[in-house]
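Here come two complexes built around chain A, the first alongside chain B, the second alongside chain C.
Coming up: the complex of A and B.
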C-alpha cells in the first residue's frame, strides 16, 4: 500500500467512525414523517418529540444516499475514481428513465392517445379527462404517423423516412421562433434603443438618466460597428470598433460574474444540505429541538 | 517560491473554495442586503395588485438549479399568499410539478392552512412543448390544460371559472432555469400581448434578460443576489425576519461574499505572478 493510499484509507476510517459515533449518539440524518389518514407527509424532529411523527426508514435511507452521492461527486475534484463513476452512472440512468416515463405519461397519453381515444384513456389512466371526442380528433393521426416515421431511425432499413418528421419539426420550430425573435428581440429592442440623449425628469435635467441613455446608444452603435465587416476596421471605424470590443468584454465579464455566483450558490446548497439535513451541525430553520 | 506558487496544484484552489463556502455556512454568517430598483420593481408588481388578483406562477426549474432559484420561488409564494392573491401554478419543465409541490408544502400548507386547494391555489402541472405551450395558452388555456396535476377536470375547479387564457391573469411570475423560461414568456406573452411578466432567473441567464428591462420585463431577480433582495423586501414588509425558512437567499449571500473575495484575491494573485514571471524572464541572462 503506497503512502497516499494509506493516508486516504486512514482519513476515510476516521470520518466513518466519527459519522457512526454521531449517528449513534446524536441520531443525525433521520427523516421523520407523519401519517395523516391514508397519506404520509414529511415532518420534523419537533413533531417527533410530541410523538406525532415517526422516523421513516426509506426516507432516511434516501437522505443518506443523497449525502453519500454528493460526496462521491465532489470526490472527482481530487481525482477520477470508482465512487464518482457509480454516482455519474446512476444520474445518467435515472435521468434517462425519468425522461422516458415523462415522455409517455405527459406527452403521449394525454396529448395523443387522450385525443384519439378519450373514453378509453379516461377509464384507464386519466379520470379527469372529458370522454367526448373532438370532431377534429382524427387530425391527431398525423402526429401519430409522423411519430412512427421518426422511430424509423432505429430500423435497419428505411431510415430515410425519419427525415420527413424531422423536416416538419425543424420547419415548425424555426417558424415559431422566428416570429418570436423578430417581434420581441429585433423590433422591440430597436424600439428600446431609440432613446433621448438628454433625459428629463419632471421638467428637470436628469444626469443619471442621460448617462444611462448615452451608454446604451453608444454601446449598441459601437458593438454593431465591430460586427460590420464591409468596411476595413481602421481610422474612426477602427476606434469605434475597439470601443465595441470593450463593451463586449464588459458584457462577458458580467456574464462570467453571474455564472460564478450561480455555481457558488449550487455549492452552498449542497454543503447546507450536508451540514443541516444530514450531519445536523447547523439548524438555520429551527427544524430540530436544541441538542 | 514564485515558481512553486505558479505551479500550485489546482486542488489547493478547490480546497480554498470549499472552505470559503463552508465556513460562512457553519458559522451562519449574514450580511446586510440593500434591495436594488429591479428587486423593488418585482416586489411592487406583486404588492400593488389588489388582494384576490389572479397570479400565474410558472416554475420552470429543476433540482439542479433549486439551490439558486428555490429561495425566490419561496418568496414569491409567500408574498402572493400574504397578499391574498389567487395562485395558479404551472411548469414547462418536467420536474417543475415537484418544485411546485415543494413550495406548496413549505409555504402554503405550513403557514397558510386556511387556503383551500382549488379555491385559493391550484397546481396545473407540467405540459410538454416548451414555447409552443405559451403560444397556445396565451389565447386558449383550455386547449392544453384540461385537468390539473392530480387529474381533476378544470371545469370542476372553482378558481378556474372565467379563466380562458393567460390574458385573464393579472400577473405572470416566472422562475426560470433556462429554456423554456423567462425569455420565452417575454417573447410569446409579454411582448405580443402586453401581459405583465416579472421573473427570477439563474445567474447564467440574467445578462441575457437585462435588455428586456423595463419595457418588456418590468423587474427581474438575478440569481441568489436578486432572491436575497426580494426576500428582504418581503420579510421586512410582513415582519418575518426571524422565520429561518424564509431567509434562505439572505443566508446564502454569506458564502457568496467570502467566495467572491477569494476569487478576486486569486485573480489578482494570478496576474501578479504572471507579470512577475514575465519580468524575471526578461532580465534572465
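Coming up: the complex of A and C.
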C-alpha cells in the first residue's frame, strides 16, 4: 500500500467512524413517515417528537445514498476515482431508464395507445380517458410505424430505414422552429425595440425612461450593425459596430455573472443538503426540534 | 428510397406545420404533427435505452477496461426501468377510484332502461359530433321526433350536452331528459350507470328494499345478474383487528354509520359495504372534535397544568400565548356564516329561460337571485361564542342555532365547512407543544399533556385507514401516478437521479470560476467591460454586494450595486440579447428553409446505408 492510499484510507476510516458515531448519538439523516393505515405520508422530526411518526428505513437509506453520491461526484474535484465512476455509471443508467419511463407513461400511453385503443387504455390505466375512438385515430398508425422504423437503428440490417422517422423529426423541428423563431423572436424583438425616444410619464418628461429607451434602441442597432458582415466595418459603420461590441461584452459579462451565480446557488443547495438534511449540523428552516 | 423518401418526409412534415400556422382551417394538422413528433421523441428515448444496453453488454462481454462500471450502469438501468414501467408501489389515482361505490359489469347494450323525450338533436355547423361522454347513449328517432337516452344521465353528461349547442330549446330538452333519465327516487344518488366503464354502480350498502327495487326495474338476465352481483358486493363486510384502547373516548359506532360496528369480545372493527372518503374523515373528526379558541381562563388552566407537570419558563408561557392567539376566532366564524346568509346569484335553468322567452320577454337575464338575507341574531351569536367542542358536537351546535333563530342550509354548510378546515383540539395542542419546545425543553409529563391526544388521534386514524383500505375494492390498479411519492421509482429519482445530476451541475461552479480566473485578463476596453459587468452582477446578487454600497446617500442611490445590476440587466443586457436573438432567429429560419428545401442534406449522412 503506497503512502497516498494509506492517507486516504485513514481519512475515510476516520470520516466513517465520525459518521457512525454521529448517526448513533444524534440520529442524523433519518427520514420520518407517518403511517395512516391506508396511506403512508411524509413526516418530519417534529412529528417524531409526538411519537406519531416513525423512521422510514427505505427513505433513510435513500437519503444516505444521496449524500454518498453527492460526495462521490464532488470527489472528482480531486481527481478521477472509482467512487466518481460508480456514481457516473449509476446516473447514466438511472437517467436513461427515467426518460424512457417518462416517455412511455407521459407520451406513448396517452397519445399513441390511447388514440389507437382508447377503450382498452381506459379500462387498464387511464380511467378518465374517453373510450370513444376518434374517426381519424388510424392516423396514429403512422408514428407507430415510424417508431418501429426508428428502432431499426438497433437492427444489424436495414438501418437506413431509421432515416424516415429521423427525416420526420428533422422536418417537423425545422417547421416549428422556422415559424416559431420568426414569430416569437424576430418579429417580437423588433416590435419591442420600437420604443419612444422621448418617454413621458403622467404627462411629464421621464428622464430614466428616455435614457433606457435610447440605450436599448441604440444598443440593438449597434449590435446588429456588428453582425452585418456584408459591409466592411470602417468609418461610421466601424464606429457603430465597435459600440455594438461594447454592448455585447456587457451582455456576455451579465450572462457570465448569472451563470456563475446559478451554479453557486446549486452548489449551496447541495451543501445545504449535506449539512442540513444529512448531517444535521445546521438547521436554517427549523425543520427539527432543538436537541 | 434511401435518400429521396426521407427528403420528401422532411419537406412534408415541415411544410405541414408552416401551412397550419398560416391557414386556420389546417390548424389541427399542425397539432397532429406535433403529437407525432412527441411520440417519436418518446420512442427515441427507448432507442437510446436500447443503444445503452447494447453498448454496455458488448463492453461486459469483451471485458474491456471498466466493464464492471457497465454492470452497475445496466443494473441501475433495469431496476429503474422495471419499477417505473410496472408502477411498482403506486397507489391508484384517488380521483378515479370511485371510493364508496362498488361496480358490477354491465355493457350499455345490456342496460335495459331507455328514456325518451320529444325533440331533435340540432346539427352543428362545424360538423362536430355529440360529446364523447354520451357516446352510444343518446339516439335520435327522426321519424318519431324523439330523442332517447340509455342509462342514467350524470351531471357531467348534462353539462356536456348543454354545451353541445347553446340553443335554449335544445338545452331545455336536455334538462327534461336529464330529469327523466334518473333512477327511481329511493335509488337516486345511490345507483349509477357508468357507461364509459361499462359498469352498474351503487354507493354504500344496498338494502333489501333497494335490491328489490333495482331488480324490479327490468327482467333481463344480464340486468338481474348485475344487480345480484352488486348486492353481494355492497354487502361484504370488511374487518380489522382494533384493540379497545385504540378506540376514542365516547366511541359510538352507530353515531357514525349503521354499517359500522365494533366487536368488543374479539376486538374487531367491522364495516359493511364500500366506505366513501368523507366517512373515513368523519370517523376521525367525530371523536376528535375541532379546536375552539382558547379563552384566557382556559389558557391559564393549561399553563397551570403544564407547571404541575414540570418547569415552564416565561419565554415558554409567552410562546404558548402567541401560538394560542394564532388560531381562528368566533368573529371569523360569525362573519363566514353571515356571508353565507346573503342572497346569491345562481344560473337559471334553460327551461326557466325558455319559459320567459315564450312569455314574450325580450331581455333574458341568465342569473337569478335566491334566498333572503339572514344574519345570526344576538342570541345565536352568543350561543356560538359559547361553543366548546369538548362538550358539544357540531350537530348539536347547528340544532341549537336553529332553535334560536332562522338558519339557512347554506349557512349550515358554511359553518360545517369552516369548522372542518380548522385543526382538531389534539392537533392544536400539538402545535402549542411545538411552540413550547421551540422556547425551551419539556418534561415527559408535559409532552404527554400536549401530545397525548394527538397520539390517540393518529392511532385511531391508522385503524380507520386500515378499515377504509379493507373495505375498498381497487377498480383501476394501474391508474396510479408513476412518480408518486414513496414509490421505488420516486425513490430512485429523489435519491439517485436528482442529487447526482444536481451535483454534477453544481460542480461546474468550480470549473467556471477556475476557467474564468485563467482566461479573463483586463487587456483592453472590451475585456474590462466584460469583467466589470460580471463583477457587478455577481456582487449585486449577494448580500455582501448590497451591504457594500448601502452607505451611499439617497441622491446617489442609482450608484448602489443592486440598482446598477437592475439597470445593466434592463438596458444594456436587453439590447445585446435582443440583437443576439434576432440573429439567432434569422439563422434558424434560413437553416430550416435549407433543410426543408433539401439544400442541406447533411442529416442523412454521407454513406449509402
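One rule holds in what follows: the second predicted complex is superposed on the first by the 286 of 291 C-alpha atoms of A that agree within 3 Å, B and C clash if a C-alpha of one lies under 4 Å from a C-alpha of the other, contacts with A are read in each partner's own complex, and residues count from 1 in each chain.
To be clear about the criterion, a residue touches a chain if its C-beta (ideal position, glycine included) is under 8 Å from a C-beta of that chain, and two chains touch if they have at least 3 such contacts.
Keep in mind the model is a prediction, meaning the values are calculated, not measured.
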item: Chain B versus chain C as contact partner of A:259, first or second or both or neither; value: both
item: Which of chain B and chain C A:196 touches, first, second, both or neither; value: neither
item: Partner chain(s) touched by A:40 [first = chain B, second = chain C, both, neither]; value: second
item: Partner chain in contact with A:111 - chain B first, chain C second, else both or neither; value: both
item: Contacts of A:269 with chain B and chain C, given as first, second, both or neither; value: both
item: Chain B versus chain C as contact partner of A:128, first or second or both or neither; value: both
item: Touched partner set for A:285, first chain B, second chain C, both or neither; value: first
item: Residues of chain A touched, compared between chain B and chain C (which is higher); value: C
item: Partner chain in contact with A:238 - chain B first, chain C second, else both or neither; value: neither
item: Touched partner set for A:181, first chain B, second chain C, both or neither; value: both
item: Common interface residues of chain A - those touching chain B in one complex and chain C in the other; value: 42, 77, 98-99, 102-103, 106-107, 111, 126-128, 130, 176-177, 181, 183, 185, 189, 192, 251, 254-255, 257-261, 264, 266-267, 269-270, 286
item: Interfacial residue positions of chain A with respect to chain B in the complex; value: 41-42, 77-78, 98-99, 102-103, 106-107, 110-111, 126-130, 176-177, 180-181, 183-185, 188-189, 191-192, 251, 254-255, 257-262, 264-272, 275, 281-282, 284-286
item: Chain B to chain A touching residues, read off their complex; value: 11, 14, 17-18, 21-22, 25-26, 28, 64-68, 70, 94-95, 105, 126-128, 131-132, 135, 146-148, 150-153, 156, 184, 186-188, 190-192, 202-204, 206-208, 211-212, 215-216, 222-225, 244-245, 247, 251-252, 255-256, 259-260, 263
